[in-house]
Each structure stands twice: as C-alpha cells, then as structure tokens.
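Okay, so chain A shows up in both of these, paired with chain B first and chain C after.
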Partner chain A sequence: MSWRMETACFGEWGHDMPIVSRGFHGRARETRHRLPPGQYETTDFPVLSAGPTPRVNPDEWEFTIRTETGTRHSWNWAEFTALPSQTPTVDLHCVTKWSKFDTEWQGVSLDVLLEDVETSADYALVHSYGDYTTNVPLEDLLDGKAWIAYRYDGEELAPEHGGPARLLVPHLYFWKSAKWVQRIQLLDEDERGFWENIGYHDYGDPWREQRYQGD
Partner chain B sequence: MTVTPDFLDGNAAAGDLEALFGTDMTVVSGRCRGCGEQMVLAQTHAYLDGPGMVLRCPGCDRVLLRLVRSPTEMWLDAGGLDYLKIPAPA
Partner chain C sequence: MARAAVSGRLGDRLRWTTARLTDRRIESDAARTLVFEVPGWPGHLAGQHVDVRLTAEDGYSTQRSYSLASAPDGESVELTVQRVDDGEVSPYLTDELAVDDVVELRGPVGGWFVWRPEQKEPILLVGGGSGLVPLMAMIRMRRAVGSRTPFRLVYVVRSPEYQLFVSDLRGDDPGLDKTYLYTRSTPAEWPRPPGRFTASELSNAGWPPDFEPTCYVCGSTGFVETAAGLLVALGHQPGRIRTERFGSSG
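Let's turn to the complex of A and B:
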C-alpha cells in the first residue's frame, strides 16, 4: 500500500484540520479516529530512557548540524532561542504502544535551522548528549514536519523529557524524537541509530505500523 | 508528569535473559569492554521501560548488552562486553 496519512495538527492551523502529507495517495481519515493501528491512548507522559538522564546546562549547550562535506553550523543556547519559534500541537505515538494527543510544544523548525545549510544529503543521523542516536530521512525533517523543541506544555522542557532541547518529529514513532539533542549529521547513505541497529524499523511510520525491521 | 527512577539493578532483567539463555543470567559474570570492570549481571544498571532492554556498566555507564523482542524475533547485542562467563549446562 502506498498511501500515507498524517493527522497531527500543527500550530495555528488548529485542532480540526488534518494535515495531509505530500506522499498522500489515498482517502482521508477523520481526525477523531487518530489512533494508529496497535496503539492505545494515554493521558500520562511516560518517561522512556535507554540510559542515564544527562543534565546539560544551557550555558554549555550547543547544537550543531554537520553536513556530508564536513561543514559545521552551530548555535549556542542564546543564539538558538533567539531564532523564530513555533508552537506546534501534535499527537505522539510511541512504539511501546501508547499515544498521547494534543501535546503542546515550542521549538525551532528544522526548516529554519537548515535554511542556510548547503547539502545534497538524503539522510540524517541525530546524536544526543549521552550515546543515543536515531536515523531519519532528511526530507522528514523538512517542510514543517520537525522541530528542535525546548518548551513543553508551557514550561521549560524537563530533563526527563529531553531538556534542554529535543528533536520533535511527531509523524514518526517517538523514539525518532531524540531527547537531549546535540547534533545532526547529514549523510549520503543511511546509517542506523541506537534502536534501528538492533531490530527497530529504519523509518518508523506509526500509520503503517513500522515497528521492527521488515514491518 | 511521571518521573521514573533512572535505572533498576540487573536483577530486573532476569526473566527476559533467562528466557533467552535458559539459565539464571544474573549470576553470570562479564567484563566491560570500555573500562574493564568485572561484574555479575545483577550489578549492571538496567533500563527496561524503553523499546528494548539496555544493561549498562555500573563503572562507566557504557552499554554492555541490549535485547529487543519483536513478535517473531529476539535481537541481542552484547558488544559492550569482552565476555560473558556462563555456567555450563549440567
């Protein structure tokens, strides 16, 4: 099946308007039926970690995008938080089967961060403070689909939830939304991350239930 | 907001490891490839609430062992360990 649908609702576009991805070739879903296959709704915000929670002081925080040719683009905390931000309201879908609706974030769109980055790369490997990594096709970080988020639910983003800043790429399973994001390496060839290299899916589309390699 | 403790001790991973190896793995010893620390798996730091099991070194926090269960497969990575010394079956 070659259709793909996105029902998360972003920012000022409001809660009732489904966003249809560019790859859409099928019929629309109603937004109120927005639980992907195999998921259940939770109102909690479970904390899932593969390692100790890094406590990164904003004074020492730096975010870097490194291109496939080695060019670096870096922002410190003051520079990063001075960039224009958005306030997306999105649904989260964790591969451990919980989904959480209407989560409210503030962050900088990857479109802004990648605006002056010259690249012909197709892939990104996202690195966190600590040793976590996850791979995402570069096009899934573009066109209003991904942010580096630093506020959640009106508050500073807590370390347990990935603060000072995390990737937010809500149209993919939530393990792709790397907590404690530190840098993004742009790559010509896909390179698997922490969970992808031990059985989890390279892409991770919740609507196609791409949990494991081969799904 | 839910706050969970950072990690459990390696005993919390006993069931999944025993299902795979057929023996009580918590008493099995190993050595961290990163820092050289020797330990039994019960002493490792276990992170179990994520997409898979992660055991980390109590000395240096590096990943020692990861285990992912899909409906049809188990994926094991023990690349953070020099060895695991498992009692031979009787």
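Let's turn to the complex of A and C:
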C-alpha cells in the first residue's frame, strides 16, 4: 500500500491546515485533470449492483463497527442521524468508467464514528445488507476521506443508490462505497470483499487506474 | 525505555502532529537516519510505520510512509530513509531537511507487520535493501527488552555501500544469526560471489518450517513477492509469513 493522496479539500468545513516544510517544492505540477485515466464524464447517475436491491426499513436499520477483538459500537437510525453530519461535494469515479463531478451528499464522517474505537487494526471489511462486502484499508476511512451518507442531492438516499445509508469513500473507485451499509469489521489482515474476490482491485485508486487485480 | 502502546484511540493515534528534526546520521551512501521529536508520541510496536506529510509554499502537499526504525524511546522517533534518485520526497528528506526543520507526521500505523516480545516462536527476518528498517526495529526491540527469542536475519542488499545499520549490527546480539547476501558487489574477500539469492540460501539461513517460525519479509514489491514465494515453496505456512511492501518493483 502507499499513501500519496494529496490533501483533500472539501471547502466548507475545511481540512486541518498543513504546515509548510521549508524548501519542499514537490514535483512540477502538471495540469490537474479532473478525469482519472480511462474515465469519461456523465451527468446522470448509473447504477452498478451485484444483485437485486435490498429494501431496508430505517426502523430496523442498525449500523455497527466491530473491532478485531470483538468489541461492538452500534447506532440505530435515530442515534445515527442525530450525530453531527457533513455535506461533502465530491467527484465519483466508477470502475465501469463513468465519472460524475460535484455530487452533493450528507453523512456522518467516519472520523466521528471511529473516534472512540480502540483498535490496532489495519483493514476494514465493509458489510452490507444483502451480503455485499468490500475491503478498504482503515486509513482510507479516516482523516476526512469517508462518510456514511444518508442523503444525496438534497433528498433521502434512494434504495438503488444504497439507501437508507451507504459508505461514501470517493477517492477510491465507487464500488468501495458500499451501498446499504450495515457494519464495518476491523481486521488485522486484509480480507477481500465481493468484487475483490472476483478479480477487482484490492485498493482501487482511480488515479492509478487500479481496476482489476494486478493493475 | 517507554512501554510500547499496543493500541490507542484512533482519533489520537492518526492525527497529524508536528515533528521536529533533532539529529541526522549517515546510515549508508544513500540513506540517512532522521531523529524527530514528536510531542505526545504514544510509543509503538516494532514494525509499525508513520505517514509523513510535506507541504510546499503554494499549498501542494504529498505523503509517504516510513517505518519506525527505533525501539520506543519517549518522544524520540527515528526513521531511516533511503534516497530514491528521481523521487519526490525521499531526496528532500535525505538531503534537504535540516535540524530544527519540521514535517508533519502521524502514526504509529500498522498492527500486522509487528513483532511483539510476548511471541515465543523463533523469528525469521528477510529484508531487501531499505526493507531492513522495520526488521531493525524488531532487533532493537528484542535488545531493549532483553529477549532471548531466537532470531535469524537474512539481509539481501546490492552492495556494501548500500548496507544499512552496519555498525549497529556488528555488535554481538546473543541468539541473533545474521546472513548477508550481496546481489551486485561484495566486500573484499567475501566468500560468496554477488548474485541473486536462492531458495537453498534462504533455507540454510532460515528455520526449518516445522519449527513454525514467524517470517517477516520486507522490501520492494518485487523482492517481497520473490522471497515470500520461496518461503512458501520451502514449506512455510502462508499464514506465518508477514510481508510489508515498500512499493516499486525495483
């Protein structure tokens, strides 16, 4: 793994201000294109699903984080939606090659959900209602990079787009943003999820075009 | 010697903090050990790493991971960085960063590629190039706690000029066996000609699989693939082989 993300910038609530390293210039900046290699822009919102869309009633919805030692942290819908939320505007990049710019979400930052979680785990396996799973390094869920989102474009999140709530981790290909999210299991060792088991990339950085295993 | 923090609240552990360079040492032609003071450092496990973030005047910012080279020691943290010539970050750290300069750092990160002194099984360390760094932290940790756990180190390195931690490893660590394999050039009168390492060398320098050692393999992606593959072929359980890939297939 390698972490070379440039500081994400989500305007309104701001990122912590980095301090300048004397004499560091970085490599010459090429024009930053908004489209990662091999992507094209779309203005509608395609759906990629492995099977039928599960319908989950918010009354029965519960979200759980379980650590590698088995400790559970859970929130029901009322508790979850009472947590402080953010409204990130992000670009989405789907492995099927579409990208969508400036999508507007509302959700709870994983920093908030993980703040009091005791763990030394490195990986997360994200489980969804309907048994979809996907693996993400725990670091990629932290530091303002990921949310559990429950509103899209000013409305409740539609089931085909992952409602009641989905993971939103926009710096990775969009299949990592698990729809119908139910729980996150923290793990010492990486464990492949659904798409990863059938040949999709374990990490999935669109800017390095990590679509499939071996990319 | 501070006790290693095994885990902590993630909110604290992975927050960016400012680290000030207090000392730098020449480790090899291409590598420098950088000693940072990190206020509030919680301690770490041998094998863990930190993320370092550099930011330019114009706000451009980038990050890299570096293994912790030292055993836990208060708020002092050592990294050993090997220059990648066309690299963006490593030449800055090895050549530019001066005492009292600051970088941003967060960690410790990683709970899998670690050696805990409670582990009782024999240990095999296989390092390629700068991949020795986290393994050195394990050797230093073993020393710091006075462990007698049997360790074997196989260090594969291009040439003596690139060899890390030479004087530190010259000392006598009872129960630590060291094997150096040079791939391009050797010290004078070295019995083995330079060249790729082989399965039988790894077998001779390591432990028989039925001793059930834990194997730690670290280096470039290509090195780790090769070495870990050889260990599996020699009969080691894949579950007993832990790897850390530094990136690049070099």
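General observations
Quick note on the criterion: the second predicted complex is superposed on the first by the 185 of 215 C-alpha atoms of A that agree within 3 Å, B and C clash if a C-alpha of one lies under 4 Å from a C-alpha of the other, contacts with A are read in each partner's own complex, and residues count from 1 in each chain.
Definition applied: a residue touches a chain if its C-beta (ideal position, glycine included) is under 8 Å from a C-beta of that chain, and two chains touch if they have at least 3 such contacts.
Note that the coordinates shown come from a computational prediction; the quantities given were computed from them, not determined experimentally.
Here chain B and chain C are compared by how many residues of chain A each touches, and C touches more. With both structures placed on the common chain, the touch criterion links A:114 to chain C but leaves chain B unconnected. Of the two partner chains, chain B is the only one that A:212 touches; chain C does not reach it.
Looking at the shared chain after the overlay, A:59 reaches neither chain B nor chain C. In the superposition on chain A, A:142 makes contact with chain C only, while chain B stays out of contact range.
When both complexes are overlaid on chain A, the residue A:198 reaches chain B alone and has no touch with chain C. When the shared chain is aligned, chain B comes close enough to touch A:175, but chain C does not. In the superposed model, A:131 lies in contact with chain B only, and not with chain C.
In the superposition on chain A, no chain A position is in contact with chain B in one complex as well as with chain C in the other.
Listed in rising order, the residues of chain A touching chain B in the complex are 44-53, 95-96, 131, 158, 160-161, 175, 195, 197-200, 211-212. Only residues 1-7, 16, 18-27, 29, 68, 111, 114-122, 138-139, 142-143, 188-189 of chain A touch chain C when the two sit together in their complex. Note for the complex: chain C touches chain A at residues 6-11, 14, 16, 18, 45, 51, 53-57, 59-65, 88, 92, 96-97, 101-104, 109-112, 245, 247.
For chain B in complex with chain A, the touching residues are 1-4, 6-7, 45, 47, 49-52, 54, 56, 61-63, 66, 68, 70-71, 73, 75, 77.
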